[in-house]
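The two complexes that follow have chain A in common; it is paired with chain B in the first and with chain C in the second.
Entry: the complex of A and B
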């Protein structure tokens, strides 16, 4: 296992996708800093660098999907997986070592983002306003959700036959998770009452504003359903942690780590019986 | 060329990915219309078909690249392109035949959305408020956008030799085009004045007063440049179509056609000189 891990991490530095991912994470942090700086200049409002550091969480799913499909996909197409089995490595070890590399790279990409955001953001935008213990707790939860993403995409890439199919499936899965999360958050964010205006005097155009019940407000059972869907979806977890909603910092990492464990067990089980051709 | 097209059509129509993409677009549009109808019925105001009809274009934006990835990807992988060249087909013909087939796939996927929109929208939401003629022009715009997305997908698929890398690149490109289009369209749509605050004093709602919008981009070089990008790229065109904000449909068709020609010219020129290994 340690040999597989050492080989996996040694190969990382030689792959273009790893450096592309590093550059993208750094460039995205720079872009966010510049956009926030322009907004700050325009509006005069203070920007919290801590909040800025949380924003990459909404994108990291797609980044992890791209990396897993290209890096692990190459293992299949180059026959590396077969070679590892021929060399006497257990299938479980191969799966776990690939999962470890994918998870580590997901976390590494986030650390690159945070580092650049702090290095450029603090001199440009000011200090971190958010209390540091809360920022670290949120980042810890983001890392757990990032691990859940890695678990899902490693599962897809290692179990789906056909490298291109696995790559497309991973990316579409990342997009579907994001769209599902946004839909659920949108439903949960509906106000119980909405302000409606009606013209009371057509000549003067006077409008009377009254609060009326919002027909789109979900019922209690619907709220529980949508809340559960947001909490178990890694994209939903990320949107909550990025500040779209007040996150539950105990439940979210628990959900994320459970998913990580469930996908690993299922993936290792399927991979053990898979016809590698 | 005829032989290439004939063989390609036979192969295209047997691809499961094409039929799954068509079915997914049909389903997406049908669900969007039915869901909107059910929600609107609760409020008592049935929306016009125009406001929801082009939702299927969100699916088209991502499913046309997927169909192209599964159709052109195996051509590289299985050595079909080299085989075609070995039998005397010219590189330009190989490129254009694949482009025509991708465009055909795009038209089929777009048509699935249009059929679903008409089949569910007309009985549930009634006809188009803007009239049949205007709706026909808008539907033509949707087909042109789909074909220009197919042209972009084809150039990526034909120029990147590795089928997995090209499949990932084509979907990431679709995500970027959509994200940039969405961002620019939102920035351009920001009004000069906004009713930002609604005040409630002693339970009485005070009518909102317009205030200058700090996100408004004033006329000038930046606005002109953003307007051009918004009008010329499929991302902005798609958002305009979904938001019913297409002041000049003829211009949109012209831009789509121009993009198609430019992308194809560049693609053919590079493919002519490409080392096919």
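Entry: the complex of A and C
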């Protein structure tokens, strides 16, 4: 396993996709700093650099999907996975080493974002306002969800032979997870009642607002279902951690790490039985 | 004879088709084993199974004395280098980087020997050129170079001359011969071109429809394809005595037929045979080419 890890990490520096990912993470951090700076100048509101550091979490899924499918997919398209098997490595080791590299690169991309966001954001926008223990707890949960993404996209790439198919499937999966998360969050954010009109007392001139039950407000069982879907979906976890909702910092990493483990076991099982070409 | 690879009734079935059906073959140590068969005969499937890329549906094989049913087969695989179908190289790396990567995968302690391997395959001067910019022949040689990392005892090459120009074919052939003679590497090489294999193979395995139809040495093949006269007589014992007396090489095929490996003077032979009470019935000139021998082995009808 250590040989495969050494080879996997050594290969990173030689691949364009790794440097592209590094550049993108840094550029995205710079872009976010500039956008926040403009907003701050226009609105006069203070920007929390800590909050800014959480924003990459909504994008990291797509970044991981692209990286995993192209980097690991090359093992199939270039045929180099055969060299590892012929060299006598176990398929489980090959799977786990690839997963480790993908997970490490996902975390690395986030660290690049945080570093640039802090280096540029603090001088430009001001200090980190949120308490540091909370920021670190949120970042820890984001890293756990990022690992869940790595588990899913390694699973797709290692079980689907072919770089192009893996890339398309991974991207579609990443987008589907984001869309599903946003839809569920939107449903959960519905008000219980909605304003349907107003009645004005002609004598006193007093306006009375008329409310009616919101037909889109989910029932209690529906709320549980949508909440569960958001919590188990890595994109849903990321949106919560980025500040769209108040996150449960115990449940979310638990869900993320369970998914990571489940996809790893399933993926390694399928890869072990897969006929390679 | 010591064998590095022996397969025992290997069968591989896919959903709709059978790629191997009870294939049994023996690759002698130190040989260049030509694995011959038409496209789709099952050559690549067998190579994939031996390399561990696929599992057989039934049957097993032994690689350097270890059975494929044992977990320790991975240790035997470490003695194998392979190029299956296309060269397995990272296209966005240089030749040297590809070899360094394989050294890491094998866990070799240093990168010593990379220059030597690159020189051996004729890629010593490719510098920073990426594999994606290599010609097909160069990529094929790089694939062999990667397979040579870790000093394998068995080299498996799946149609290594496919798509190469004549110059490239000669280069690959000379490389294989050098590896076999200088490094004592046993080579299993598959091809559907028997004529090409005949220039280097020491042993042959003919495969058709997923099973070996015949295994033979190069000497046996040469004897089969030698120019000769097939004679039909009433008594081959008498023929043998006559030919022995004439100092002529021959091979008895049955009680009435034999192959005579010399230009036959029919009247002289007829008169010599009649003295032994034997009658010469027919004489047919035979000049079987490698290809026609192969077709006769596997049956030509289904290839049309």
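Here, the second predicted complex is superposed on the first by the 263 of 277 C-alpha atoms of A that agree within 3 Å, B and C clash if a C-alpha of one lies under 4 Å from a C-alpha of the other, contacts with A are read in each partner's own complex, and residues count from 1 in each chain.
One rule holds in what follows: a contact is a pair of C-beta atoms (placed from the backbone, for glycine too) under 8 Å apart; a residue touches a chain by one contact, two chains touch by 3 or more.
Bear in mind that the values here come from a model prediction, so they are computed numbers and not experimental data.
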item: Three-chain arrangement built on chain A, chain B and chain C clash or fit; value: fit
item: First (chain B), second (chain C), both or neither touched by A:215; value: first
item: Touching partner for A:38 - first (chain B), second (chain C), both, neither; value: neither
item: Contacts of A:171 with chain B and chain C, given as first, second, both or neither; value: first
item: Touching partner for A:85 - first (chain B), second (chain C), both, neither; value: second
item: Touching partner for A:207 - first (chain B), second (chain C), both, neither; value: first
item: Partner chain in contact with A:127 - chain B first, chain C second, else both or neither; value: neither
item: Which superposed partner A:163 touches (first chain B, second chain C, both, neither); value: first
item: Where chain B and chain C come nearest after superposition, their Cα distance in Å; value: 8
item: Overlap of chain C and chain B interfaces on chain A (superposed complexes); value: 74
item: Complex contacts: residues of chain C adjacent to chain A; value: 48, 51-55, 74-75, 77-78, 80-82, 84-93, 97, 100-102, 104-107, 146-147, 150
item: Interfacial residue positions of chain A with respect to chain B in the complex; value: 42-43, 62, 66, 69-70, 73-74, 77, 163-165, 167-168, 171-172, 175, 195, 207, 209-211, 215-216
item: Complex contacts: residues of chain B adjacent to chain A; value: 39, 42-43, 62, 66, 69-70, 73-74, 77, 163-165, 167-168, 171-172, 175, 198, 205, 207, 214
item: Contacting residues of chain A [partner chain C, same complex]; value: 2-4, 6-7, 10-11, 14-16, 74, 78-90, 273, 275-277
